[in-house]
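Two complexes are shown next, each including subunit A; its partner changes from subunit B in the first to subunit C in the second.
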Partner chain A sequence: MAQSFASVSSAVRRSPQMPDHNFRYWIIAPSVFLLLLIGLFPLIYAFVVSFQQITMTDYDTSFAGLVNYQALFSDQRLWESILHTIVITVIALPVELILGLALAYLFLEKMYGKQIFISLIVLPTVISPIVSGATWRLLFDQRYGPINQVLSWIAGREVVMLWTIEPILVYPAILICEIWQWTPFMFLILLAALSSVDKSLTEAAELDGAGFWRIFLKIELPAIWPVMAIAILIRGVDLFRIFDMVWALTGGGPGTYTETISIYTYVQGFRQFETSYTAAIAFLIVALMSFVVTWAIRRMGLAK
Partner chain B sequence: MVAMSSGKREGRMSLLKKIALTASAAIVTAGLTSAAWAESAAERAVKEAQKYKGQTITIVWEAGLQSLDPLNFSGPLWEKLTGIKVKVVEVQTAEMFTKIMQEYRAGTGAYDALNVIPAWMPDLANAGALEVLDPYVQKYGYGDELQKIAATYRDNQMKVDGKIFGFPDDGDVFVMYYRKDVFGDAKVQEAFKAKTGRDLAVPKNWKDFGETGAALTEILKPQNMYGAAFFRQPPYTMFMFQERFRNEGGKFFDAESMKATINSDVGVKVLTEMRNENKFMPPGVEQWGFVENLAAFMAGQTAMTISWPPYGRWAAGYGTDEKALSWVPKSTVAGKVGYAMPPGGHPELAAGFALSVASTSKNKDAAYLFIQWLNSEDISLQRVKLPTALRDPFRDSHFTDPGYLALWPDAKDYLAALQAGSKSGLLDLSLLQTDKYEEVLRQAIGKLWAGEDPKKILDAAAGEWDAITKKIGVDKQKAVYANWASKSGAYPQ
Partner chain C sequence: MVILGRYLLALSVLIFFVFPIYWLFAISFKTPEEIFHFPPVWYPQKIQFANYWVLFKDGDATSVWNSFILAGSSTIIAMILGTICAYSLVRFKTGGENFAVWIISQRLMPPIAIIFPIFLLYVFFGWVDSYGGLILLYTAFNLPYVIWMMRGYIEDIPIELEESALVDGCSRWAVLWKVVFPMARAGLFATAVFTFVFAWNEFIFALVLSRTEVTTYTVQVTHYFGGQSNFWAKIAAMSVLGTVPVFITVATLQRFLVRGISMGAVKG
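Showing the complex of A and B:
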């Protein structure tokens, strides 16, 4: 019986009327091809362009060697922009995490109007970053903005703080805007993560006399770590790519003081039309980010 | 007298007939031609454009108030006269160059006509983004009316390498606006004399401006008024630096070596003085743009300012009842504003606009006829008088038009100031890749307000300029600079 079944199966398989085993690959091939075309082709094209010398006035598509990549290393403004981006990232990310976690803890317990409060807290996240930046720019305005006005009322005299011009104030202005907008994102994710922690474990620990920090470090943090790690990774990458909010708030100024790597790339590519050089910058960033993300994923144990 | 033979007589008669016929033909032809060109350039453009009825042309225009002209006046009127629809693509000034170049590179033909800042013209022309207009000017007989554009704009904002790429369409020039009532107030004059030892007068140089502004700020403190204020945001201040630097004797480059010389003592002096002046200006002036400065002047909070021509019209109250201008503060200084040249006497012809045709346009003739019509003597006069106009007088006839002179009591002084400015004005620096050089200046201004040392700022800026020049090609840029510097409006004469 088994033998006859096997022979029947074999015959079926060999039958020209039956579908090919590779049929499933053919079915998905058009979608994969489209995805590769949209995703991979521009990448390859940009890579090719990075070895040419296309500028505003020269459309030289001949191979220019590594001249653009060599120029990267002597471009002080490029490295300064990377530094500015790192500064924003390393300050904003932990603050958003801590504030988001604190807010999540606050909303863990049942409270009257909880859903409404959560909806209000999440509102900044749904605003477009460029609108957020433009709005904060108005808020910080010396002549028409309410922030300095309120500070003046508190101080009892006119307070002149040029938030988008004075070097000592311009990064706080960016960070205030950034943290205001994206802390709710962390809050939502961490609230969901904390809500899924087994309450019986924390209750048992409390009964055994464990304090808040012990419970957090030994029970809750390990439980929410995978989700928290993902949130940190996503926000970290977003912060490294930051463009619109800073562009609207400071334009990268004063001078190039708050110019992030995305802003610098935009200026080079779309203002200065240094097309090939911009492609080289883009690949430098891809290389850096790939290294950092890979390291982060391994370090955070997300690849297990 | 020997009688001519009949054969010779017949031959002479034949020759005479030929001469008479040829002369008659020439006279008739000349007459017909004159009749054809007797109509104005505007009428001619309308007549020729009617064969393109039903088409739509797209024109790039500065976003905001500037666009009210083609949206509410010239666009609908052109459609009524010719049947050609006008689609206005509004673009922020800072994005216009980028958009035009991007469109050119893409080659989609999305834009037909363009507004181009004249300083960009060499770059756009050399890149091939602009259509050469000489054949169209010839074909549609616009040469004569082109000559009637005020000389400064006509001779400096129209051509690249001898070819026409745009029609100057906006007489931008910086004007000093001052409060006549303040300067004429006996008590203020007395207090000023006591403070400075000299008579109060509209400053003619920047040293006097600094002293006058500071003194007036102290004297006018009880009235909550300041001696002066300017727009200090980098994109605007960049023009003011160009003007002031040259008025003080500075040169942008060493003509022989093409090394940047903006970091000379003159440059350092200009930046230092600019920062010092902020001390007697309203707090936060470093953040002021066009609107903030306008609002302060219109509200009577500043005794002096420098800006583009619309300030003068709006300060006089002209047009501010229009709905489109509801954002302009109501003037509290109408009738109190005087007009003068900025200190130094040579104002910057800051920015400006020229009308061009995109080289990738699929409707070049239709686009050209629209810009000829817009720029013509008849229509341009109507446009510069629009209450909401940001287009400023740029033809000789604009400055002397009886209708314009009658718009408000001080209009004649206003137009006289604009005309004087157009004659003594300084051109924006225009080289290959001008925007790169200007970007360096904008950043330098930003650093100045952030508190960096002026010498350090300008040394860095000069270094960046030299790097840009080296990348473009020193000899190539030198030739372009030499051509620009040879113009009468490049440096004060």
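Showing the complex of A and C:
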């Protein structure tokens, strides 16, 4: 009796491995296959092609060495596009973070109709970036758009600002659209994080006479940092690969003035058909991003 | 006074975030005279659907249907494959932490870097401008998100239920089907909705891999940008057609919104 019980329980314990001990691999196989096909294959392929000299007119697959990589360094338009992307990222990211945090404090306390406010403010974040770019293009129109109209009221005379054409104004236009769409994202995440901070700690600090900034820096910021770090990571990565919204709003123009790294790569690959050169750019981007993202994921503790 | 100030501030914030959406909707109901009127007309005099009717008459509205087919099919496939993969990661620790990090890093790759080689691959196989090609790409592209999110939701399921089902003689597949899927149904639903929205709003893959047959609504919107601004009504109406479904689906899962967009960093 005792022996049969023991054999039953050992059979139960072994059951994860028996009788289908390959089960754990069978169920990851399809996903891994797809990820390798879409994630790894293109990288290897791009790597190979980047050492050849394929263009629209010339299908030259002979080994060309580092020609394309050397060309990267002297490609002024490439480095300008990287600069544009960095400018957009380093301005938009802190602004979204600070505005999102300020909004989170505004809606942290109880207020009438709070849930309705939040639900409506969040709407821009779920819209397609293409649609948001198109929407702001209509808003920014110099004659029929409402923005110049409102500015005219404020100025007391007719204001004609060419938001998506004038070089001085296109970056503010892109940044306004970007901040409009993604501040709610920061707001929502930071509001949830702030709501879960232990109230007894902040109240005790308040009783001890600590001011708002002291409480924020000593108690709330450390508590919300893990979540905040991930929000920054997600937005940072999205900003670095920004394409859709700028494409809809300015198309990279005027000229190449607002061309981001993604737009430039697209133009090289699908307008100029510089196949091998585009592959080299793609590989540069991936190498750069892999490095930064892997570092950031480990650094910020996204991996549990 | 302070309370009044807070409400005024909240109200102005609300106007900033909602007015652009209002304006988009308003244009879609305006007549051409109202759209191209100076100074701007702040609301349409009469709600009329001519701008939408044109889209349906010309067949442009098919692009919304294409978006639905692509996003819907890829979501279903990605949910099934991703959930079982996540189950293996959680319960068997398959591949360990490095494998999980590799999966999420796939999600963070810039689409532009992988789309070019994929385009060449698709040309080679003749998959450009086909439903299957884009569904495959959207599925693969959303898999990391599904795996990552479902990993979190499956961790929340008590392991005892699965163990007792195994003792009762259920096979591994039966445990997945009868215990894990029902227990994780809230998480499955929330993840599926987000996956759907990501695929629905996607632009760059659709731009590169569609020609005429599988144009999505996001690509269709950009077709109306031209030298002359005559197509404002179409831009607005098509954008609204593509945006309303997103608003409706997201409204159904307020409770999971934060967890969904923060990639599980905040557990609501």
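We adopt the following convention: the second predicted complex is superposed on the first by the 257 of 304 C-alpha atoms of A that agree within 3 Å, B and C clash if a C-alpha of one lies under 4 Å from a C-alpha of the other, contacts with A are read in each partner's own complex, and residues count from 1 in each chain.
What we mean here is this: contacts are C-beta pairs under 8 Å (C-beta built on N, C-alpha and C of every residue); 3 or more make two chains touch, one makes a residue touch a chain.
Note that the coordinates shown come from a computational prediction; the quantities given were computed from them, not determined experimentally.
K.L.:
Where does A:291 make contact in the superposed view: on subunit B (first), on subunit C (second), on both, or on neither?
P.N.:
Neither subunit B nor subunit C is touched by A:291.
K.L.:
Once the shared chain is lined up, is A:270 touching subunit B (first), subunit C (second), both, or neither of them?
P.N.:
both
K.L.:
Just checking: does A:188 make contact with subunit B only, subunit C only, both, or neither of them? Give me first, second, both or neither.
P.N.:
second
K.L.:
For A:46, using the defined touch cut-off, is the partner it touches subunit B, subunit C, both, or neither? Pick first, second, both or neither.
P.N.:
second
K.L.:
Hey, is it subunit B or subunit C that touches more of subunit A?
P.N.:
C
K.L.:
In the overlay, answer first, second, both or neither for which of subunit B and subunit C A:130 touches.
P.N.:
A:130 contacts subunit C only, not subunit B.
K.L.:
Which of the two partners, first being subunit B and second being subunit C, lies in contact with A:143: first, second, both, or neither?
P.N.:
A:143: touches subunit B and subunit C.
K.L.:
Quick one: classify A:73 as touching subunit B (first), subunit C (second), both or neither.
P.N.:
Neither partner.
K.L.:
Intersection of subunit A residues contacting subunit B with those contacting subunit C?
P.N.:
On subunit A, the residues that contact subunit B in one structure and subunit C in the other are 141, 143, 270.
K.L.:
Along subunit B, where are the residues that touch subunit A in the complex?
P.N.:
These residues of subunit B touch subunit A: 98, 101-102, 123, 126-127, 234, 282-284, 286-288, 292, 432-433, 435-436, 439, 443-444, 446-447, 449-452.
K.L.:
Please output the residues of subunit C touching subunit A within their complex, sorted ascending.
P.N.:
Its residues touching subunit A are 3, 6-7, 9-10, 13-14, 16-18, 20-21, 23-24, 27, 35-40, 42, 81-82, 84-85, 87-89, 91-92, 94-95, 97, 100-101, 103-106, 108-114, 116-121, 136-137, 139-141, 143-144, 147, 163, 166-167, 171-172, 176, 197, 200-201, 203-204, 208, 218, 221-222, 225, 229, 232, 235-236, 239, 242-243, 246-247, 250-251, 254, 257-258, 261-263, 265-266, 268.
K.L.:
Which of the residues in subunit A come into contact with subunit C in the complex?
P.N.:
So the residues of subunit A in touch with subunit C come to 12, 15-16, 20, 23-25, 27-28, 30-32, 34-35, 37-39, 41-43, 45-46, 49, 103, 106-107, 111, 117, 119-132, 134-139, 141, 143-146, 149, 152, 180, 183-185, 188-189, 192-193, 196, 226-227, 230-231, 234, 237, 240-241, 243-244, 247-248, 251, 261-262, 265-266, 269-270, 275, 278-279, 282-283, 285-286, 289-290, 293-294, 297-298, 302-304.
K.L.:
Touching residues of subunit A toward subunit B in the complex: what are they?
P.N.:
Counting only subunit A, the residues touching subunit B are 56-57, 141-143, 158, 160, 162, 164-167, 253-257, 267, 270-273.
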